[in-house]
Amino acid sequence: MSVSIPIGPQHPALKEPTHLMVTLDGERVVDIDMRLGYNHRGIEKGAESRNYIQNIYLTERICGICNVAHTSTFCQGVEELLGLEVPKRGLFIRTLLCELNRIHSHLLWLGVAGHEVGFDTLFMYSWRDREIVMDLIELISGNRVNIGINAIGGVRRDISDDMRPQILQGIGQLEDRSQYYLEVASTEVTFVRRTQGVGKLPKEKAIELCAVGPYARASGVEYDLRKDDPFAAYPYLDFKVITSDRCDVLGTAIVRVLEIMESCKMCRQIIEGLPPGEIKVKAPRKVPPGEVVSKTEAPRGELIHYIRSNGSDRPERLKVRTPTLADIPSVLYSLRGGYIADIPIVFAAIDPCMACMDRVLLLDIDNRKTESMMTWEELREYGMRWYANRKG
Amino acid sequence: MSAESDIQDKLKEVFGEKISELKTIRERRVFVRIPLPLVKEVISYLKQNLGMTHITTITAIDVGEEIEVLYHFLCRGVALSLRTSVPKANPVIDTITPIIPGAILYEREIQDLLGLKVKGHPDPRRLVLPEGWPEGVYPLRKEYKVKVEES
Amino acid sequence: MFKNLTGWSRVKSPWICHLNTGGCNGCDIEVLAALMPRFDIERFGILLKATPRHADVLVCTGAITRQMKDRAVRIYEQMPEPKFVIAVGSCACSGGVFWGCYNVLGGIDKAIPVNVYIPGCPPRPDAIIHGVIKLLGALDPRYTELLEELKRKGEIHVSGK
Amino acid sequence: MTRIGSMFPEIWRHLFRKRATVLYPFERLNVPKGLRGKPVFDEKKCSLKCKGACAIDCPAKAIVMEKIDEKASRPVFLLDRCAFCGQCAESCPFGSITLSEEFELAQYDRKSLISKQW
């Protein structure tokens, strides 16, 4: 006998519209069904009626948090179609902003995870420190969130010499703040007890369900596009791929904080090793016919843009698959068997970005059971009975 | 270029002339065209022998009277894309979820946005389009025109 | 007497409820950033409430998608009577970059009446606070005077044109 | 492995630090030089003949060309559609559009968000 509770499109825990139909047996989640589409805007069809320059700004607004990943993938794809050779300095600046965007996205997640566990001090602290990286991004690109730095053939703005000390100083602050958050995330009782052993995802399940990004790396899946399929300036940087074999939500927290420190190290290397020269190459408006699979590592995982061009200045087909979409089967697997109180934190473990994801939805893989609704009194007795025999 | 040529040789030696357009456009990018009935066979072969488990996504494109379906896989660090085409008259493909469970989402999407019937899919419910969306209208098809009204 | 007491309390502590009707969540994180220590709009008495029933002001972000239209209207009706709507971001004002996408209907005013439009993609947290003060100015003239005075001092470039 | 109160030294240290809040309307944040704010149109530089090179590239269709006579036309900026991306400033062959640093643009209705700058 179980009860199904709709967690509606407007819910405090989930900042964005999605709909969870949770079937419960007492406090335990038996089966979960997710209905999206609230955020589906039909971007892929829209992309076919825009020229390539307008499409940069359309793909940038697929997701507000990981937007520089989208524009880098799209511009990289079109540059490959055009056979353009992007100057090294442009690639370095594009990678710098990819890493700064990763830091801001992970700090944002750390705060939201703290908030969903009820640990609001961490929420306030991590978002205050996120302002450091937001100021750096705004200094370089002119806008806090939608960084319009990428263009076909390179980047639109250069890093002048007086910006360098500011950036290095900001990164220094971020490094010791992330050192502090690593200590908090791994030892603070309020955070650890709520995330340890919650949302279990064993490694073979993560591989089978094709999970990507920090969520999969927390279950030991060694898959990071920056190492396996290096793009932009990553071949020139040395960094290590962080994995942990904890396979639970605490693992994702530790992986993300360590990735912040890794990104800070990379930003330092980029700033010190910034090659001189041009930042952009002139790109023709019409793209010769062809197709390209362009992949990058967004803060949440592997992001792929498939672009097919037909020689005109409008793409024939733009297919975007975002990392959150790949993580949904595994998060629904790890949600099952948990408690209803853990739904927000386990669901937040993949750092869901509905705006990214809303090209597809998912349902529970094994067969569906239909339950009849219970009245309130029945539910109360059922609850007491359920707890009684649990204790007995 | 070892991984790419290694994959190509294995595919050529097992499937020979049935597969065509086997090309590597750049490092770590391999495209190959396979006939429709062979889709399941090639994918399960790749899974057993080349240890391929990760599907990146499935792209479907409306090219006039056919719908072209591309399966993007990750095989030994190489982005392998298998291309097949389905006649628009009866757009039916069979599911690959038993072989690769992670593909459940992407099949649902092409089913919803392009009207490609996926046979044997565990849960063929409506995907991302709103409830009030009329049946039989598939937005990503060429004949679907969006009326752009000036606000 | 009671009338201006409620009026005063309504202006002094406008509780907001945040609703994302299908945008790119850039504006959502800017609305949250306005609540964070650096900008901290709680000093105006603005609290982020989870349910529309406790909220006076509905802060909407993102263009209206076909799916969210009737849900947005239902949430708007659940709010108690003196209710206001702030559209944050160009998508909420007019559908912005997503013109011509088949699932997007346009701005928030296609579903619910909007009192203040804040353009920007996304608007900075201080632009959002400026929008909230402008809304409060409609209720209590002292806030508009505050904006006028700061504009005279050249502190803020409040643009009419 | 888990310790209670690893946040206390941090909270104690914060008691004596400068406050992190910027009291917005009374105290302003210094805005970086290159902020992408409201687009500003300078009619002298514009040739009025190019039939909207900026309007073609605008991703949000936020620039409408207003006819002066049959050959010349001027851009009108719809600020409620504009995404402040700066593409018009780049696409304009004569550099007549620049992005100012003005970002406080809230209005009560959409009509006053239409900016004709001449």
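Every chain is named by a letter (A, B, C and D) in the order it is written, and numbering of its residues begins at 1.
Rule of thumb we're sticking to: a residue touches a chain if its C-beta (ideal position, glycine included) is under 8 Å from a C-beta of that chain, and two chains touch if they have at least 3 such contacts.
This structure is a prediction, so every number in the text was calculated from the model and none was measured.
Between A-D and A-B, more C-beta contact pairs are found at A-B. Per-chain Cα centroids separate subunit A from subunit D by 27 Å. Per-chain CA centroids place subunit B at a distance of 41 Å from subunit D.
If you average the CA atoms of subunit A and of subunit B, the two centres end up 24 Å from each other. Put simply, the C-alpha centre of subunit B and that of subunit C have 43 angstrom between them.
Across the assembly, subunit A contributes 37, 40, 42, 45-46, 49, 57-58, 61, 128, 143, 146, 358 as residues in contact with two or more other chains.
In subunit B, 129-130, 139, 144, 146, 148, 151 are the positions where the chain touches two or more neighbouring chains simultaneously. Within subunit D, residues 20, 59-60, 81, 83-85 each touch two or more of the remaining chains. In terms of which chains touch, the assembly is arranged in some other way, matching none of the line, ring, star or all-to-all patterns.
Across the complex, subunit D is touched by residues 50-51, 53-58, 61, 121-122, 125, 128, 135, 138-139, 141-143, 146, 148, 156-157, 180, 183-184, 186-189, 192-193 of subunit A. Interface residues of subunit A, counted against subunit B in their complex, comprise 36-37, 40, 42, 44-46, 49, 80, 207-210, 223, 228-229, 291-293, 295, 302, 304, 306, 308, 316-317, 319, 321, 325-326, 328-329, 358-365, 368. By the touch criterion given at the top, residues 37-40, 43, 90, 93-97, 99, 107, 109, 115-121, 123-124, 126-127, 129-131, 133-134, 138, 146-147, 150, 155-161 of subunit C touch subunit D in their complex. Subunit C makes touch with subunit A in their complex at residues 18-30, 32-33, 36-38, 50, 52, 62-63, 65, 67-68, 71, 75, 91, 96-104, 121-122, 124.
Residues 1-4, 6-7, 10-11, 20, 32, 34-36, 56-60, 83-87, 90-91, 99 of subunit D are the ones that touch subunit A when the two sit in their complex.
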